[in-house]
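You will see two complexes here that share chain A, one where it goes with chain B and one where it goes with chain C.
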Partner chain A sequence: MAEKVTHSIVVGGAIAIHTQDGVIRRVRPIVLDNNDPKGWVIKARSKVGGPQDAEYTPNRKVQPAFIALTEKNRAYAYDRIRYPMIREDFVETPDGKNRNTENRGISGYRRASWDEALDLVVREIKRIQTQYGPEAITAMTSSHHSWGNVGYKISTFARFFRMLGYTEVKDNPDSWEGFTWGAPHTYGYYWRLGCPETFDLLEDGLQNVETMIMWSHDPDTTHGGYAGNESVMWRHWLDDMGVQFIYIDPYNNFSSIKQADKWIAPRPGTDAALAEAIAHVWVTEGLYDKEYIAKHAHRFEEWCDYILGKGTDKLAKTPKWAEIETGIPAADIKALARRWATTKTMGGSGMRAGFGGVCRTVNGTEFARTMVLLFAMQGMGKPGQNMWGGNTGAPMDYDFWFGGYSDPLAMIWNEPIADNVAVNPVMQKLYRPNLPDAILDGHYEWYGEGFCGQGIDQEFTQNVYPAPGCSKVHMFWRYGGTFMGTMLDTNKWVRMYKSPELEFVVNQDIHFHGEARMSDVVLPACTNLERVDIGELCSSGNGGYQSHSQTGCSWQVVVFQDKAIEPLWDSQSDYWIFAETAKRLGWGEKFTEGRTELDWCKRYWEKSDLCERISWEDFMKKGYYIPPVPEDRVRRYGFRWFAEEFPCDTPNHKPFQEEGKLGTFTGKWEFVSESLQYWAPHDEVRTPIATYKHSWEGHHAIKAKKYPLQLISPHPRFDYHTQHNSSTPWFWEIPENRVYINGNPYLVARLHPKKAEERGIKDGDIIELYNERGSVLCVAVISYRCEENTVHAYGSSGIYNPVTPGEESMDIGGCVNILTPGRLIGDYVPGMAPNSTLLEVRKWEDELPSGQFFEDKLDKVAKEGDPNAETCIEIIEGHGFEKIQEKVRKNYLKKGAAV
Partner chain B sequence: MVRCSVTDPNALRHAVDKYFSEFPGEIICALQLWYEGLGGQGVPTADELTAIQDAIAATPGWKDAGEVRYEKFGVQKSYKCEAMKTHDSKGRIMIQHTFKRDALYKEPNGTILKLVTTELWNLRCFEIKNGKMTGGMIKIHPESDRAKALVEVKS
Partner chain C sequence: MRLGIAVNSQRCMGCWCCFTACKDEHCGFASKLSAAQPMMGQKWIDVREWERGDSSRHVKSASVPTLCAHCKDPACLKAGKDGAVYKRDDGLVIIDPEKSKGQKAIVDACPIKVVFWNEELEIPQKCTGCAELLDDPEYLAYLGDPALKQPRCVEACPNQALFFGDLDDPNSDIAKIVASERATQLEPLAGQESVVKWLNVPTIFLAGTVYQPKELDEVLIGAKVKLKCKETGESWETETNYFGDWEVEWLPKNKTIDIVIEADGYKAASYTAKTDADHYVDTTYMVRD
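And then the complex of A and B:
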C-alpha cells in the first residue's frame, strides 16, 4: 500500500510522519517545497574575513529538536497505557471512605472497559458533587504534554472542567520563577510574565552585537522553549562574525562547550552577587550610559550608594567581595564588566532571555531584577544593547493572526471558537507547588494568582484553602504528564496520593507515568499522531502570555495535525474522553456543540487569518501553511521605542507604553522598586533594592555542614519535561544521558574531580545523591565542566522509579526532584527554587536494586487483553516493538479488506 | 519623600496642571500622579493622597470616577477626563488610547463590533449578534476611515 504522509507538531517541533499500512514508518522534519514562500532576508555583517555585507536567510526546512523524532517510539512505547484500568483493591464505598488509599502506588490494576471506567468516574463525580459540592473536585494538567489548539491542556480540558465546575489549580511559572516574581518590579512586562520583548532582535543582533552574555543559558539544550533547533544556525552566524560569547553557568553546558569564548562558573545561587560586582565596576569606572540613565532611571543614585557600600549595609559590592561569594576571580569579574560595557552587548538568561536556572534559586528574583538593571545601565533598546539570548526575535509577519495555545481567543471553551463560553462557577483555588500541603494539612494560604499576567496587583492577592464556605477537595483528576519529576520534594506528592482525603483519583494520560501509578482509575489517551488537531509551531499566541514566541523559529508554520494512525489499543483522544464523560453526565451535546474534533479544527481556520490565505481543503491536503514575511516589513525592535522615546510600536503592548512608559509605577527603570515598597513593604526576599542575600539552602546555611554540595537540575537536554526518556529506550544508549545497568537506565550526575576524589568516586560509579528529603541513585560522570561545589543532573526526569513503589523510597529513575526543597522562595514570593538544593554524594557499594518496578502492572493488564501481548521488557529490547507494529499492520489490512 | 511639595497648594496645582497638559489617558488615580507627575518616591501618606485627590478633583474636565482597578496599583479612587487625548505631544496616534480592547463599537450602518485585539496595524474585531461573536475575524486599519467612523458603545 502507498505510503501516507501527514504532519503534526510536538514540543520538539513540527514534523512529517510517514505511515504505511496503518503503521508509522518514520518521522522527519518538514521540508519546504517550491510553493512555500521565500524566507526572510537579513542584511548584516559578513563572517570574519568575508565581504563587507552579507545576507542571511533560513534553510528551507523546519528544524525540530531530536526529541521530536522520538514520536514513533512514544506511540509504540513500552509504557503506553493500553486500556482503561481500575486499581485492584479500589472499593467503591458509598461514602468515599475505606478505599485502601494507602495502597496507591503499591497495588496493581485490572483491565476495564471504557463503559465500566467512565461509569465509575461519573458515579464518583455525582457522589462528590452531592456529598461535598462541586468545589470538592479538582483537576490539573501538566505543561505541554501534547500539542494542538483543540486537544491542548487549556482548551478541551478547560472546557470540560469549566462546564463541570471545579477547584482550579493555579500554575506557578516553574521555568522562570525569578523573572515573574522579580523583573516586573524593575521594568514591568508582567503581561509577558516578567520576560522581555525581543521583537526583531535577531536582525539587531546580526547587525550590531559584539558580545553575547549567555547567563544561565543553554539554548542548544532548551531550544527556545518548544522551537526545536530553529535558532541554532543564528548563533553560528554570530559566531562566524566574530561575536564573543561569554557563558556564565556552574555547569559548562552544551552550548557553552560548543561556542564559548569564555566560561565563567559561579557557585550555584550566587549570580546576584556577580551582577552587583559588575555594577560596582561600572559605577566606579563610569562605564555606563549616563545620559540614558539620567533620562530613564528612577532612584539610580540610591542604588549606586548600595552598590558602593554607602547604603545601610555599608558593604561595597566589589569584585573582591564577589570573588568570595561566587568563587570567580575578581580579575575575571572586572574583565567581564569592562568588556560588557565597552562593546555592544546583548544577552539573556535561559530560553527567552528571561528564564534560566538561576531564576529558580532562592535569589532568583534578585538576580532577575539586577540583570535587567545591568542591561538598562548600558542603554537597553539602543542598537546592539538589549536582553536577547540569540534564540528569539526572528522576522515574522505580524499582520498574520492565528491563535496560539495561551491566547484566550484560541480556546474551545471561549468565543469565538465556541458558540458558548464555558464559565467555572467555583471560586475556590489551589496552587500547584503546594497542592500536597493543602491536601495533607487541610489548610493552606498563599499570595498570588500563579501566572500574574493581568497585573502586578495579582502577585499580592491573598488566597486561602479551603475558601470560606467551601468544601475541601476530595477528588483529583490528573491529566497528562507527571509532577513526580517536575514539581519539587517528590515525596510529598507520594504522601498526598496516599491520603484518604483524596477519596477518588483519576489519571488520564498517554504513558504510565509516576502519577498515573498513584491513581484509582487510569484513562488511556492517545498521542498527537493518533488524532486530528490544528496548531502553530512554538506559538503561545499573539495575545497570550509571552506572546509571539514563534519568533524563536525561522518559519511560522501552522499545521493541520492530521491523524497518522488510528488510536492504539483502547486509547482515545482527550476530546473523546471528555465528550463521553460529559455525555454520561447529561450535557454531552452542550460540551461538543455538535462538533467533531475536525469541526473544531475548522473553526480555528474560520476564525483566524488562515482562511484568507488558504482554503480549508488545500490546507488539509498540504498539511501546513507558512505565512510569508513581507520583504518591506516594518522593523519593531524590542525597547527601541523606549530608548528613542516614541509611542511603543511593538506587538502585544500596553496603553502606557504608547505614552512612552515602562510598566513600573514610575514608567522608568526602577532601581529602587516603588511597587515593592507599596505592595510588599515587609518582604524580606524582594527588598526595594534588589540585593544578593544568603540562601536558606545555600553554602552559608548550617545544613551545608552536613550536605556541602549543591545540586543544579536545569531543564533537560534529553527530555521535554517528563516526556521522551521514559518512552524512548534508545535515548538510554546516549552516555551523556543515561547508562543502562542491571535492567535500569540510571541518570547521569556530574561532579567535579576534586569532590569526587574526596569521596572515592570514579567515573562510571553508581553514586547515591541524598539529603534529608530522600535519595536517588545515579551514574557518576567526573568532569571539570562542573563548578567545584556543584552536582549537575538534569531536572524534570521522565522516569520516576522508586525501589519500593508507593513509598517514600530511594529512586533509581533519576527523579532528582526527590531532593529539591518544597519550600517556596519566600512568604510573598510563591515560586520554586530547585536550584537551591544542598546534598551529599557517596559511592553506592550495596547491591544494586534489580530492574524496574512498575512494568509488571502494565504487563498483567496487557495479558488480560491479549495473552500474547508484548511485555514491557520485550518492547524495551526492540523485538516487542516490531511485534506490535506487525499486529497493527495485520489488523489494518484486515479492516481494509473487509471494507 | 516627594520632589513636588503637596503641602503647598500652589505648587501642587502647578505640577498637576503641567502633568495633565501632557497626560494622554482618560483615567487617573492619586498614586499614578504621585509617581509619574510629581516625582514621588516611596509610598505617599494618606494626607498626601488626599491633597492630590483634591487637586485632581479641582482640575477642570476631571470628574470622580469611583473605584477603578489598575494593573499596577490595584483598585484606587479615580478620576476621569471628559476629553481624552489620542495623540502624543508630537501628534503621533496612540492606538490603544483611541480604541479599547474588549470594548464594543458601532459602525454607521448599525453593526456592532467587539474589538478583541488592538494592534498598531490592525484592529481585530468580531461582529456581535444576539450577544455572541459571529462570522470571521474583521480587520480594520486603525487610521482608516472605517476606524474613524467607529463609535464606542458605552455599557
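And then the complex of A and C:
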C-alpha cells in the first residue's frame, strides 16, 4: 500500500500526485520541504497600524487553483474517451463524397482498435494528399488543455504536422484582442502582443502604490493565466497596507466583491467613454505629469483637442457626456479621475495587465489604447506609476533559462531540442475565428498573422483562402479541447462540421467534448498524469510572446512531470499517437529521432540551464527544481528605463527596438498613432486617435430594440478554457457556478433585480437567454453585483448540451457562446468581440428537457467492449469511479505479481 | 494539546480550494475513521456565501468556510447512541461509521448542518479534521518534517484564511491569529466552545454616498457621519472618503440606528435605518445652509 508521490503541471498550477497500487489516491499542492530554497524577500511598508517596515516572502507551498485539484477526476471522468471510435454511418468512399457528413453530431460511434482507426486515418491522409495536395489537410490545436514542453500543442503536434505538411490555422489572440490590435499603435510592445512589461513591479507596488485601478480585471478568477493561486497573497498584502482598490467592471466580479474599496459599473462596452472622461478631467484640471508628457508624448495637443471638443467631432468628452454613455454619475467619474491623478496609481486590465473582458468588445482596441495613454499621462515607469494588475512582476532569477510554450527554442520541432528542424512546406493558412466561414463559403479574406509578434506590419498582411494555386481543405484533424465554448457563434461551427467540404474529420482529445462529437474518427489521448513530460509552471518561455509570464508565480518551478499511472482504457499519449501515425506513413524514425518521450524530456534538461543546476537523476527523483532568486538580485522595474531615460535593462526580447525608445514609429507614446496613420488611415473601427465608438452590437444598435440586454461572458471562474467543469461534478454543487437539476448541470446566469422583476424572474428560476443566433437555458441568480443592463454568464463552457445534438438547437449545457457574434471587430481588426452581445431573457415556462445528450453514445461504446463497464451516470452519481479504480488496481497488482 | 482550525472569513476569497481538496480526499475513499463520502451530495467543508447589500451602489459578499466545529460539548455526541460519536484526546470529534449505522438523529442534532446522511450506507458522515492523515506516520513522510502535515482544506488554502495547529501553544500561528482577530462564533453555536474558530464573520453594514448639491456633479469628501443605536446608545463615527462614500461595518444585528450627516456649510441630513440586513442607506445630496 506504499504511496508513490509524483509531480506535474496542469493549466491550474503545479501539483503533487499520490498513487497507490496503480490508481490515483489524491492530488495536492506542492509543499516545499526544508531542502528547497528560501523565497525572495521584499522590504516594504507594513500593514495599517503595523510597525514602519515589513518583509514579505511567499508561503512555502506552490499554490494551485482549485481546478488543478480535480486532476484525479479528469482522469477517471465520466466523459473520458475510452477507446478509439469511428462514426457509425461513416462510409469510406474512395472519392470522399457521400459520407453522411450531415449526420455528424447526430450519429453514434462504434468501438475500433488503434490499428483500425490509425490505418483509416493514414489511408485518408494519403488519399487527400494524392487527390488534392498536402494543403487539403488542416489541423488545429486547443487553447491549452494540457501542459508540458514535449506533449504540448506547439511541440509534438507542431512537429507532426510540420513534417506532414498542412494548412495551418492561425490563432487569434482570443483573450486579449483589443490589446493586441490596439495597444502596439500607442506604445509598441507588439513583441508582447500588446501587453506591457511588468518586471519587478510587485516590489514597486508593495513599496509605493496607493491606488490600484482594476479595470476589467478579476485576478482571483483568471489566475494570472496558468499561475493558479500563486499571487493571491500579494493582493492581500496590498489590501492590508490600505492600498485602495478601485474595480471597474459591469459585473462586481469575485475579486472585486471581496477587495474593492469602490466598484464602478459601466454599461458593457462603454469603457472607452469613461477613459476619455477621465482624460477630460485631467486635461481641464491640469492633473497629469506635464514634464513627462512634454518629453515623451507624440501629438498630445491634437489629442487634447479631441478630448476637449475641439476636434473634428466637436464633442467635449466631459464627465456629464460619459455619464449618459456609461451610466456612471459624473461626480463619481471626477472623483475617480482625481484619486487616480493625485495618488501613486498602478492598474491594469485582465490577467497580465493587458487582457480583460473589455478588450473583447467591439470598442476593445480603443479602450486598450486610451487606457495605455492614461497611464502614460501619469508618468508611467516612475515609482508607483505603472500598468500592473497586482498579479505579475515577482522577483525571479532572470539568468536561468528553461524554455516555455511560446519559446521557439523550446520546441521539439526545432533545434536545439531536435536534431533536425521540421518545416511546413504548405504556405496556405486559415484563421481560427473564421474557420467555419472559410469552409462553408469556400472563400475567405482577412488581414493579419494572428499573433503579430514580429512587427506592426504583420497586422496588415493580406490573406486569401484558398491561397492562389492551392486546394481548399478537405480533411480536418482537431487536437485537444473544444472551441464550442470558447469561439463565437457556436452554431457556425456546427454548420461547418456538417459540411461535405470536410470529407474526413479526426478528433484527438481526452474528453468527449463538443467538437469530438462532430468527428468521424475519435482518438483517445491520455491526461498529463498518464504520461511523462517536462515543463515550467506558468512559463510561456523567456523569449516567447508573453515573455517571463512565470513572474505571476511566487515560486519559479520546473517540474519533471512523471507518469503517475498508466494510460487508462485504450488511451495513449499524444506523442504516441503522432509517432504511431508517422510510422504508418513511413517516417516514424524521422519523427522520433529514435527518442522516447522520456528521452525528449531529458533533452530539455540537457539543452537548458537546468543541467547546470541539478543532475538528471536528482531531478527525476525530487520531481521538481526551484531556481533560487539571488539575494543580491538586480531590480529591473518595467518602464523605469524609459521614464528615467537610461538604456532598457529589462529582460524582454524586443526586435528592432531603438535604445531608450518605445516600439512605436516615433519611439514615444503616440496619442495620434503614426502606424495607423500609415497603414489604415481610413479605418473607421480603429482610428489614428483612439475614440469611443458606438458598437455594431451595443445599446445604440437598432437590434437593441428587440434585444435590450447585454451579455458579458468573461473567462470563467469555475473552469479553465473548457476543461474542468465537465469532468468534475463536484463543481456543480457550487451555487455560484451551476445547479444540477434533472440530470443536467445548468449554468448560472446573473441579472440585476430591476431587470429580473420586469421579466417576472426570481432567483433560482430557469431562464432562457436568447437572440437571433440561438438560445441557452440557465439558472437565474438575481444580484446587485450586475450593472443594470448586464447579463453575466461565464464563457468557455466545457459542457455543451444541445437538446437536439448535431443541430443548431437550444442548449442546456451553458454554452453561452452560442449567443455571441461570429463577426470580426472590423475589416482591419481581426479580433473577436464576445462581450458585445445583445440578447433578451425570459422565464422558461415549458417542461425541462431531461438529462444530457451525449452519454448514451459513450455508454454504448463502453459496453461493446465490456458489458460491466461503468456508465456516465454511474460515474457522476454512483460508484462508477470506485469501480473503475478497483478494476485498474486489480490489473496493476496482477501485473505486479507476474513481475 | 488542542488541535484546531481557525477560519478567517475576511481573508476567504471564495476560491473553493478547501472544498475541492476535501472532496478529493474523501469522495470514493474510506479511511479508518470514516466511510467513503459519496461522489455528490455532501459538503464536509462548504463555503457558505451570501450577498450583502440592497443596492448596486454598495454591495459585498460574505464567504464563510463551514465545516464541523468539533464542539467542546457536541450536540451530535449527545444524540448518538452506543458511542457512535466520540471525542479524541486532541479534541477532534469523530463519528464511528459502524456504530452510527441507522442513527439519523446525529444528522439532525447538528446546529450548523455539517453532518450529512448517507442514504445508501444509512450512516451520518462529516469532517474528520483529516485525523486519519494526521495519525498516519507514512503520510507526507517524504517531506521529512511532520510539522508540514495539515488537514487537506488548510493545506489547499492559498489565502491564509485557514490555520491549523495547537490552540494551547501560544506561539503557534493559530493561537496568534485567534488572539489578534475578531472572534465570531457562528450564531447557531452561540455559547458553544469549539476548536474550529471562526473569525471576522461579518454582521451588518450601513453605507451611503454624500454629494454636493445635485447640479454640481461633485462628491462631498470629509462629511461627518454619526451613527447611534436607539436601543443601546452605542455610537459610531466615520467620514466620507474621496468618492463621498461612507460605510460602518460590524453593527449589531436587528437594531435601529439614527444617522446624521454633517458638513460645514450644509444642512445636516438625517436617517433612521434598521440593521435587519446590510443596507445602502441613501445617496445624499446635501443642501447649503
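Here is the rule we use: the second predicted complex is superposed on the first by the 893 of 899 C-alpha atoms of A that agree within 3 Å, B and C clash if a C-alpha of one lies under 4 Å from a C-alpha of the other, contacts with A are read in each partner's own complex, and residues count from 1 in each chain.
Just so it is clear, a contact is a pair of C-beta atoms (placed from the backbone, for glycine too) under 8 Å apart; a residue touches a chain by one contact, two chains touch by 3 or more.
As the structure is a computational prediction, the values presented were derived from the model and not from experiment.
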Who does A:462 touch here: chain B (first), chain C (second), both, or neither? neither
Between chain B and chain C, whom does A:415 touch in the aligned arrangement: first, second, both, or neither? first
Identify the partner contact of A:677: answer first if only chain B is touched, second if only chain C is, both if each is, neither if none is. first
Looking at the overlay, what does A:783 touch: chain B (first), chain C (second), both, or neither? second
First, second, both or neither for A:607, with chain B first and chain C second: first
In the overlay, answer first, second, both or neither for which of chain B and chain C A:312 touches. neither
Kindly classify A:252 by the partners it touches after superposition: chain B alone (first), chain C alone (second), both, or neither? second
Figure out whether A:658 sits in contact with chain B (first) or chain C (second), or with both, or with neither. first
Chain C-contacting residues of chain A that also contact chain B: none
Residue ranges of chain B touching chain A (in the complex, touch as defined): 23-25, 31-32, 35-36, 41-43, 69-75, 88, 90, 92-97, 116-117, 119-122, 124, 126, 132-134, 136-137, 139
Chain A-touching residues of chain C, taken from the complex the two chains share: 11, 13-17, 19-21, 23-25, 27-29, 36, 39-41, 43, 47, 49, 51, 53-56, 59-61, 63, 138-140, 142-145, 148, 152, 155-156, 158-160, 211-212, 216-219, 221, 241-245
Once bound in the complex, which stretches of chain A touch chain B? 188, 190-191, 299, 398-399, 401, 409, 415-416, 419, 454-457, 460, 542-543, 606-609, 611, 634, 646-647, 649, 651, 653-656, 658-661, 663-667, 672, 674-675, 677-679, 681
Chain A residues within the chain C interface of the complex: 2-3, 5, 25-29, 31, 33-35, 59, 61, 63-66, 69-70, 72, 220, 228-230, 232-233, 236, 252, 254-255, 257-258, 261-263, 265, 319-320, 329-332, 334-336, 338-339, 718, 729-730, 732-736, 740, 752, 783-788, 875-879, 881-882, 885
